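Just below sit the structures, each encoded as structure tokens.
What follows is a pair of complexes built around subunit A, which joins subunit B in one and subunit C in the other.
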Partner chain A sequence: MSVVLGYVATLGVYFCIYNIFAFGLNIQFGYAGILDFTVITFMAIGGYIAGVAVLPPEQRGTEIFYVLGWNLPWPIALLLGMVAAGLLGFLIGLVALRRLRSDYLAIVTLASGTIVYDVINNYNKLFDGAAGLVGVPQPYTSVFGVNPNTYTWYFLAVSAVIMLVCWYVANRIYSSPLGRTMRAIREDMDVAEAFGKDAFRVRMLAMVIGCMFVGLGGVLTIAYVSALSPAGWTTGETFVIWAALIVGGKANNWGAVVGSFLVAVLFNEATRFLPAIPGSPNLVSDIRNMCIGGMVIVTLWFRPQGVVPERKARFPQLPVRGATTPVSVAVGATGGAGSAG
Partner chain B sequence: MIAAGGNGRSPGARTLLSVEGLVRHFGGVRAVDGASFTIEEGTISALIGPNGSGKTTTVNLIAGALRPQAGRVAFDGVDIAGRLPHQVAGHRLIRTFQISREFAAMTVLENLMVSPLHQSGERLWNVLFRPGRYRAEERAHLEQALAVLDEFGLYAKRDDYAGNLSGGQKRLLELARAVMAEPRLLLLDEPMAGINPALTDRVAEHVLRLRDAGVTFLLVEHNLEIVERICDHVVVLALGSTLATGTMAELRQDEAVVRAYLTGGGA
Partner chain C sequence: MNLFFLALGFGVVTASVLALASVGLSLQFGVTNFVNFAYGAYLAFGMFFTYTLDVTAHVPFWLAAVVATLLTGLVSVVVDRLVIEPFVRRRTSPFFLLIVTFGLQLVLLNVIQAVWGVGFESFTTGTGTPLHLGPFSITGDQLGIVVLAVVAMVLVHLLLTRTTLGKSMRAMSDDSSLAKVSGIDTGRVTMWTWFVSGCLAGLGGITLALNTVSFQAYTGNTFLFVIFAAVILGGIGQIYGAMLGALCIGLAVELSGLWIPGAYKLDVAFGVLVLALLLRPQGLIATVGKA
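What follows is the complex of A and B.
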């Protein structure tokens, strides 16, 4: 019984983490229309940086190399991971968001992600290369107890709280004038600029915030599994997050939740626990990938807006001012009757 | 319904926009080649010329969508040539596009709510930590947007997706959205293209009404009858440079203008 419960709790943790990934990608793509084809890179950076911040200094004489090794407490490591992911997003954004249209932008993000992957995978002084980080201490085992099953439940509770904070922030941005401007830029960047919107600034904001979300998900990942290696964040993992958002419905965080549950948890994670078929060890994972790909195709074919489409903006109902009221137009530098109070 | 153009506006009032020797070539195409003109505050000016004479390119150069290769654009005394589109718009110099470009997947009302410049709710810090700062502003914008929609006859459509509007409604939305930005100068690129005559008259009325409220206009327009009716001043472009300026009545006497229009070429 406790094994089943532990399994459910583990899926719950993944559900929370994938929600955070999907919110992050939603801010980038669903809100601002940025084709970030290297989402998983930011998860990895967040995870690695948090990992090496928590780990003790590398031991001489062992063949394990990594940077930092600062023995920091988890909350600080978490912040560092988020900031590192945001910083990488900023650097990639500097190249990708300048004047690049969507398709070139996608290529730049993909290329940048590949470069980061190759550097981390091949240069073992950063995060121990292809071997990756192992034995990252789980947070607060002394407080929550070392029994793996109860610990998972505690971890789930913490992840859920963090996920809800992300949910709140993402929705707060969506319904703000900032979110509205992001969507306007997504719809037509030139027109938004003609209305005084600094598309570069706003898209950079969306990029960096999204990357910080994804980085945060990466921190939770490494905190939970205590290890991270390049084999765990191949380009295919980016596709899983994209699939979740597309199937669930972009530009709606409920869509991100539904998509994370269907794609990331049900198909991607739950099937990992199925026993391998003797003689064809890759069969289960291949079938899983085919199912996810199939779901994306079916969605794009029959319901391109996703299971939970973007909602129409609602505004409070106000009476219209009398038709006799003259239009309020600012003249000169004095500002108009209609400007903000 | 429609008042005659040039109703008592004194010529030689304050210059709001001055364009001098504007140049923009595309490879061998001399799209804009030394265009020069000025626009007085509070007037409606027309920018006319044959197809391909560089009108849209001129609008793009003024609005910062294209960088001029030479020339000066002064708005209210400030040189804005080469500034980025959002910087130009920040001076309350707002342009519309020759083809309607609504934010299709946003509602009509939202399209208008995007317009106000320098919204404090566009700052992340305010969004996350000080939402009270922009709530009042947002409400004021909402009231203003509803009033503008009402004036443009789009109130009933406020919650429809802008992409679902008819062609004529999209033209009205384009103008309504520009009005929401509280412009000082509006550059309208063929606001009446492809709409029926009744709607053309309505757009003309809106332009006159807004002019009376203090907005200055530069109108790219092919319909000379409309130009004659509402414009105080006309600039004729041919082959990317200013062929003539004056009132429509004066230009009708100008042989070079007549020739440019009849032959589609320059003098």
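What follows is the complex of A and C.
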């Protein structure tokens, strides 16, 4: 019984982490219309930096290499991980967010992700190359007790609190003037700039804040799993987060939550229990990835606004001369983010 | 000095592979006006169709390559008709089309993995003994790649300048609605564009596989950003620009191998991409209003 409960708690932790990822991507894509095709890279950077900040200095002669090794406590490592992810987002944004076509932006993010992956995978002095970091001490095991099943519940509680803080921040950003500017830029960058908004600055903010969210999720991941290697963050993983947001409903954090639950937890986890087909051990995971890609395409076709659509902006009804019914002026309406980017 | 010429020779070979792939991407980009992020999977289709015909069905390699090229073109058309074209007809913005093609990438690559497995494969042609041509030293396969690329580029040039189809493609690339009101059957031209683009992707994939000797489903996809770099450096939608971009990137990548470890030489293409975007985002051969 306790095994099942432990598993449920593990799913709960993943649910919280994926929620944070989806909030981060939502700020970038849903709010500001930035096509970030390498979300998982920021998760990895956050995770790695937090990991090496917590780990003791590398031992000579063990053939395990990593940078830093500062023995720091987890809360500081968490901040470091977030800052590192935000910094990488800033650097990528410097190139990607210049006034270019949205396809350029997507290409730059995708290419940067490939490069970061390539360097981390090949250059083993950074985070031990393809082997990745292992044995990162889990946070406060001595305080919570080392029984893995009860520990998971404590971890779930902590990540739920962090997730709720993220939820609060993400929603505050949405309704803040900054969030409104982001959405205006998403709908029409020229109009927003004509009203004196600095599109580059606002989009950069969205990029960096989003990356910090994703990095935070990465820190939680490595804290929970206590290991991270390049095999764990491929393009397919980026797409799980995208699928969660698109299926759930972009620009609505409830959508992000619903999508994370449906795609990242229910679909992605449930299919892990399917028996492997003899002779082709990868077939189940291949089909799972096909389904995730297909889900996005199907959602964009049948319900582009997602399961939980973005709330239409409500404004006081203005009486229009000559019209019999009052017309509401909706700016942040759902739908085409075409001209943004 | 010897090493320099060796790298220069490899540079020309890489540039040839890159030219095939990037001209295909650029052509489709120009006509349809959105990037196809699933393009790396088309390269893989070219590789694996050839692999099946060559290794499993024992068809002569050149015939296998020709058939695989045409099949990849067909895949490209079918995917366009089934998935992309409905979205285009619904006037989905290019912004969402990018997400659709990004999703397609995941679907197609996993179809390839499901059918052909995840392991590394290679063709039956073998590596061959290097030929010494003056200061250069390349294998027969690599020489074949260069010749093939040159022939393909000449054919693309003739297609674009001498045939009605090619002229229609250029017209659509310049202004799609103007082309339509001038009586060009844009649907037909779009379909042929996807076919030619798919064929070039297939050829690019086959030559890439020949050049790297062993390949798997993701080989083409990891090469994708190098193709993007060549396309952007040349100027988006510019066919001749893509050729020029491919040459620059191919040489830059291989010559950099003289100074940096081989594992990172493709990353040089990323450096060129960043520089191009910062200094000349419209590309070497610029078009008005396309950047």
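As a working rule, the second predicted complex is superposed on the first by the 307 of 341 C-alpha atoms of A that agree within 3 Å, B and C clash if a C-alpha of one lies under 4 Å from a C-alpha of the other, contacts with A are read in each partner's own complex, and residues count from 1 in each chain.
Keep this in mind: a contact is a pair of C-beta atoms (placed from the backbone, for glycine too) under 8 Å apart; a residue touches a chain by one contact, two chains touch by 3 or more.
What you see is a predicted model; the values in this text were computed from it and never measured.
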Touched partner set for A:Arg183, first subunit B, second subunit C, both or neither: first
First, second, both or neither for A:Arg311, with subunit B first and subunit C second: neither
Touched partner set for A:Arg272, first subunit B, second subunit C, both or neither: neither
A:Phe37 touches, of subunit B and subunit C: first, second, both or neither? second
Partner chain(s) touched by A:Val296 [first = subunit B, second = subunit C, both, neither]: second
Touching partner for A:Trp242 - first (subunit B), second (subunit C), both, neither: second
Which of subunit B and subunit C A:Lys125 touches, first, second, both or neither: neither
First, second, both or neither for A:Ile107, with subunit B first and subunit C second: second
Which superposed partner A:Ala194 touches (first subunit B, second subunit C, both, neither): first
Touching both subunit C and subunit B, counted on subunit A across the two superposed complexes: 336, 338-341
Parts of subunit A lying in touch with subunit B, wherever the complex brings them together: 169, 172-173, 176-181, 183-184, 187-188, 190-199, 202, 205, 209, 310, 312-313, 315-316, 318, 320-321, 323, 325-332, 335-336, 338-341
Touch list for subunit A against partner subunit C, complex: 33, 35, 37, 95, 98, 100-104, 106-108, 110-112, 114-115, 118-119, 122, 235-236, 239, 242-243, 246, 280, 282-283, 286-287, 289-290, 292-294, 296-297, 300-301, 304, 336-341
Residues of subunit C touching subunit A in the complex: 34-35, 37, 83, 86-87, 92-96, 98-100, 102-107, 109-111, 113-114, 117-118, 221-222, 224-225, 228-229, 232, 236, 263-264, 266-267, 270, 273-274, 277-278, 281, 290-291
In the complex with subunit A, residue positions of subunit B that touch it: 63, 65, 84-86, 89-90, 92, 94-97, 101-107, 109-110, 113-124, 127-128, 131, 134, 136-144, 146-148, 150-151, 155, 159, 161, 177, 179, 181-184, 209-210, 213-215
